[in-house]
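Given below, in the form of structure tokens, are the structures.
The two complexes that follow have chain A in common; it is paired with chain B in the first and with chain C in the second.
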Partner chain A sequence: MFRAILYTQWKWARPVLLLAMLVAGYIPVDALRAAPYKSVDTYHIPSLYLGITSASVYYQLLALGVAVVVAISTWQADGQRRHVYALSLPVPRWRFVLLRFGAGAALLGTVAVAVGLFGALAAALAPLPPMLHAYPIGLAVRFWLGALVPFALIFALLSSDPRRVRLLVAAVVTVIVVDLLLASLGTTEKPLILGWVLDGLYSGRGPLAAFLSKWMLVDV
Partner chain B sequence: MSDAISLKHVAYRPAREFAIRDLNMTVPAGAIYGFLGPNGSGKTTTIKLILGMQEADDGTIDVLGHTIPQGAPQALARIGYVPEKVHLYASLTVGEMMDHHRAFFPTWDAARAGELRRQFGLRTEQKIDRLSKGESGKLMMLLALATQPELLVLDEPTDGLDPVVRRDVLSALVEYVSARNATVLVSSHLVHEQERICDWVGVMDDGALIAELPMHAFRSGIKRLRVSGAPPVLPAPPFMMLGRTATAGAEEEWGVRGWQPEMAAWIAAQGAVLREVIDLDLEESFVELLRTARSGGVA
Partner chain C sequence: MSDRHVVGALFALGAWAGALPAQTDPALLARRDALRARADSLTSRLASLDAIARDSALTVTMRVGVFAVRTTPALQEIARAAFTQADAEARRALGTFADSLGGHLTLTLREQHRAWRASWTPLVGVRRVAEKDHIVSVSLEATLDGRDVPGVLVDYPLARGELATNTLAVVERAVGFNLAAPIEPWLNHRLPLRAASDGWSASLYRTLATSDAAVVRHCVAGDSVACRVGFALDSLPRDRVSAWYDASDLPTLARTAGDPMQRGWMLQAISNDLQEACVGQRQVEACRQMLARLPDEAFRIPMPGAARESLARLALEIGGAGAVSRLRQGGAPSIGAQLAAAAGVSTDELLRRWMARVAAARPASPLPNASFVLASLACIAVCYGWAAKGKPWN
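Take a look at the complex of A and B:
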């Protein structure tokens, strides 16, 4: 059953996944090439650091982009036919949703594996200065977990009742507008609710905190 | 005989302007049940309630011994469903769609599926979004039949198909039903088609089931009588008066249900003359029934 679901989702997201794998191969090559060196002795550490930190942003953007596309493609075919086929299958709804989620997570995993493999390959081919080490597995895991967060958010929205989603989005937009309005009128010092939400999402153990940290292939 | 489908006092309001009200419906096991009704009468909504795709506001639904919607997955494992519109994944090929469907139905008969595919002239590598309407209809019927269902739920399965494809689809259906003694609920507004294959009929109009009876009773019980000299006010007749329309001169046409030849004596006793008893075919009976229901009469 899972294989059948995985196959359909692979077929729908295949072009984007293949492109993402190619990009995953290009990012570390570009990052390590940014350091002008002939040998370990002539390494220019600041240039290398700049290349690696730039790559961190590219990895994050790649994770975000591929997560969004995979989440949308997961439900697109069912949504186009009003989920009639899915609902006619002898599977409880929660299980079908779980199968779709699992397949999406597995597909994101293929890009994460590409990130790890290409990262390891690039790091192996580049003469890194002493004290610096490559962490391709750590990067791949971080990439996968990071991609799962936006995937899960969009997946949840798309698998919910559209009326409820519209209500939720309308409520969120209303709260943000009122919050910004109050801040612009000077009633509050800064947008309170928006501030709390962003703090909750990005700081400490927030689900999007990973996107503010550095996704480094090479580090001390 | 047990019932394959049973709906009791079902109510459901999917939109402000339409509702299913106090729906009671029984499909006996082994029956081919024709579900008739004009477009928008609630047939598809009722089918979605039966399959657990939508949840009723009130009442109980039992399908193959399972209460819906709680037991829908168990019931769906024994049901073959062909919806009104193509519901398959457009980007897959015929072969991929068959493989996908097989993964969810342990009762899938691969040999029969292959046989039906060849019989219907479908190729495994054909992409679903490039199939014609007829080919899509055949593929949906193939998927439904290859799971060897005990109950087939077909929502307008031949709507828009050309006569050749329609004949192929119906003959595959009849062949399966006669071999497996399966129950069939087939919704359609093509009345003549239902007349050929169904042994039970239910008529739906504006969210209510206005008649449910064996086909032979439906076909033989509804007549049109040409009567002359009938008084304007009549005592209660021994048959059900569906409608009474004045025609030329003193003649009238009566639409009646439950007609027996000996009831002619009752007409004579009213001082009227029975000129002719006209047999109505299913379509005319259906129209007569709808007209009565809509004018507030008892169908």
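Take a look at the complex of A and C:
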């Protein structure tokens, strides 16, 4: 059953996944070819490092974009048919969700593998200076885990009871409005709850911490 | 009265005022000069009177270890605790020199007040709202034998550890002020006393390994001769460009070396074609010609300040109790010799240990660490749980 679900989800997200794989192949090529000099057959290391650091942001954006598209495409067909297919299947709800989730994670894994493979290939072809080393596996793992978090968040949101989602959104909006009101009335110096939430999300141990660190294909 | 009448009246008044004779009465002029002299004398006293007014709150004077301290009653307790901690750490780092610092260093811990606070509104943004006068920060100022040492500003309420760390930072500057000539500017007028964290060391490794200067990169790669040259431990090389940089560094160096004035002179002296050949086409020979137009002073020691600091810190660690005193004695023919004297080992041995320490600080593989993996998995599990309970058909 997993194979069937994986195949259908692959079909729905195939154009985006293929495009993502192409981009995953282009990012390291662009980063590594920008730095060599025409007259000298070596890299200028600070420029190379800067290029790789910029590429790190492109990897993060790619992961985020792919995660969003895969998560949406996972539930789009079910949503259009009012989940009749899912309800008619002789499997419990938790298992069906697990299958959908697993298929999405596997599809994100294919892009992560492409990131690792293309990164390894580009680094093998480029004349990297001895002080710098390629880490394609580390990058691929980081990419996969980094993509899984936004994928899981959107996946959960789309597969939830709409009333529950509305309640959640209303609660979040209320809290933000109250927080802003308290700050504007002078009760608090600045929006506190908003600050805590953002700190929590982006702190070193928060779920979005992956997007704060650099995703370096080449490092010291 | 119309506008025309007003303008006419003003014009007549101006014409009459211009016709007034200048004052020539000697008595009046003498009185004017006397008043002017008195006002000038008050202006010259303004700074000292202002200082007296500012210091009027500093009613507490105490001695904590090597520090003579002036502060306010409100800060007395926290100051005593923090300076006691800083004194212990300074003694550990400075060894026997700490006692000789004793009679010379005066610390002033001063309250900084504010009678307003920032209020945030969605439409206006941040605006000021008046409120009761309160302490917002504390300034730590220092004088060494009457000379001002750059101080620090610490947020209030104070934490003991933070104040102690900032005190040590001030002590570093105070001790760095009176070092022997070659090493004082080499250390940026600051003697590093505080231990470096692992994160700092890893960051230093990355900075060195990706440095603009080839000599620094070779040093991190294990070339001790390159380290000597990069630190300028023996002397500054005669041809700094050749000694410190390789061909791939030159286009960037030609773009960045020198201060604005030096660069201005250089760009005036060369043709646009030469500049384009170097910066645009990256032709090394063109870059060499450009760089030859810059004076030697345009090329500073390529080893970054953090690396020099870490080498000096290591020398003090190896040297133990009397290291700072030996470092301050001076008289050594070079920076390397001065550091070696402080460390009590040869320059080569000092460099060898520094290189080993830097190599050990190389960052680990960029694979995600355990806390990152756990945080991600926990988030994913929570989301899955939420999704499994969902009833989207409702």
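Here is the rule we go by: the second predicted complex is superposed on the first by the 212 of 220 C-alpha atoms of A that agree within 3 Å, B and C clash if a C-alpha of one lies under 4 Å from a C-alpha of the other, contacts with A are read in each partner's own complex, and residues count from 1 in each chain.
Definition applied: contacts are C-beta pairs under 8 Å (C-beta built on N, C-alpha and C of every residue); 3 or more make two chains touch, one makes a residue touch a chain.
This one's a predicted model, so the numbers in the text were calculated from it and none came from an experiment.
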{"item": "Fit-or-clash call for chain B and chain C when the two complexes are aligned on chain A", "value": "fit"}
{"item": "Which superposed partner A:Ala103 touches (first chain B, second chain C, both, neither)", "value": "neither"}
{"item": "Contacts of A:Met1 with chain B and chain C, given as first, second, both or neither", "value": "first"}
{"item": "Partner chain in contact with A:Ala20 - chain B first, chain C second, else both or neither", "value": "neither"}
{"item": "Centroid geometry (CA): angle chain B/chain A/chain C, rounded to a multiple of 10 degrees", "value": "150"}
{"item": "First (chain B), second (chain C), both or neither touched by A:Ala77", "value": "first"}
{"item": "Broader residue contact with chain A after superposition on the shared chain, chain B or chain C", "value": "C"}
{"item": "Which of chain B and chain C A:Leu87 touches, first, second, both or neither", "value": "both"}
{"item": "Which superposed partner A:Val111 touches (first chain B, second chain C, both, neither)", "value": "neither"}
{"item": "Nearest-approach distance, in Å, of chain C Cα atoms to those of chain B in the combined model", "value": "9"}
{"item": "Residues of chain A that lie at the interface with chain B and also at the interface with chain C", "value": "82, 87"}
{"item": "Of all residues in chain B, those that touch chain A in their complex", "value": "51-53, 73-77, 81, 83, 85-92, 96, 99-100, 103-105"}
{"item": "List of chain A residues in touch with chain C within their complex", "value": "37-40, 42-47, 49, 75, 78-79, 82-83, 87, 93-94, 97-98, 101, 129-132, 135, 137-139, 141-142, 145-146, 148-149, 152-153, 155-156, 158-164, 180, 183-184, 186, 189-191, 204-207, 209-210, 213-216, 219-220"}
{"item": "Touching residues on chain A, where the partner in the complex is chain B", "value": "1, 3-4, 7-8, 11-12, 77, 80-82, 84-85, 87-92"}
{"item": "Residues of chain C that touch chain A when the two form their complex", "value": "117-122, 129, 205-206, 209-212, 217, 220-221, 247-249, 251-252, 281-284, 362-363, 365-368, 371-373, 375-376, 378-380, 382-384, 386-388, 390-394"}
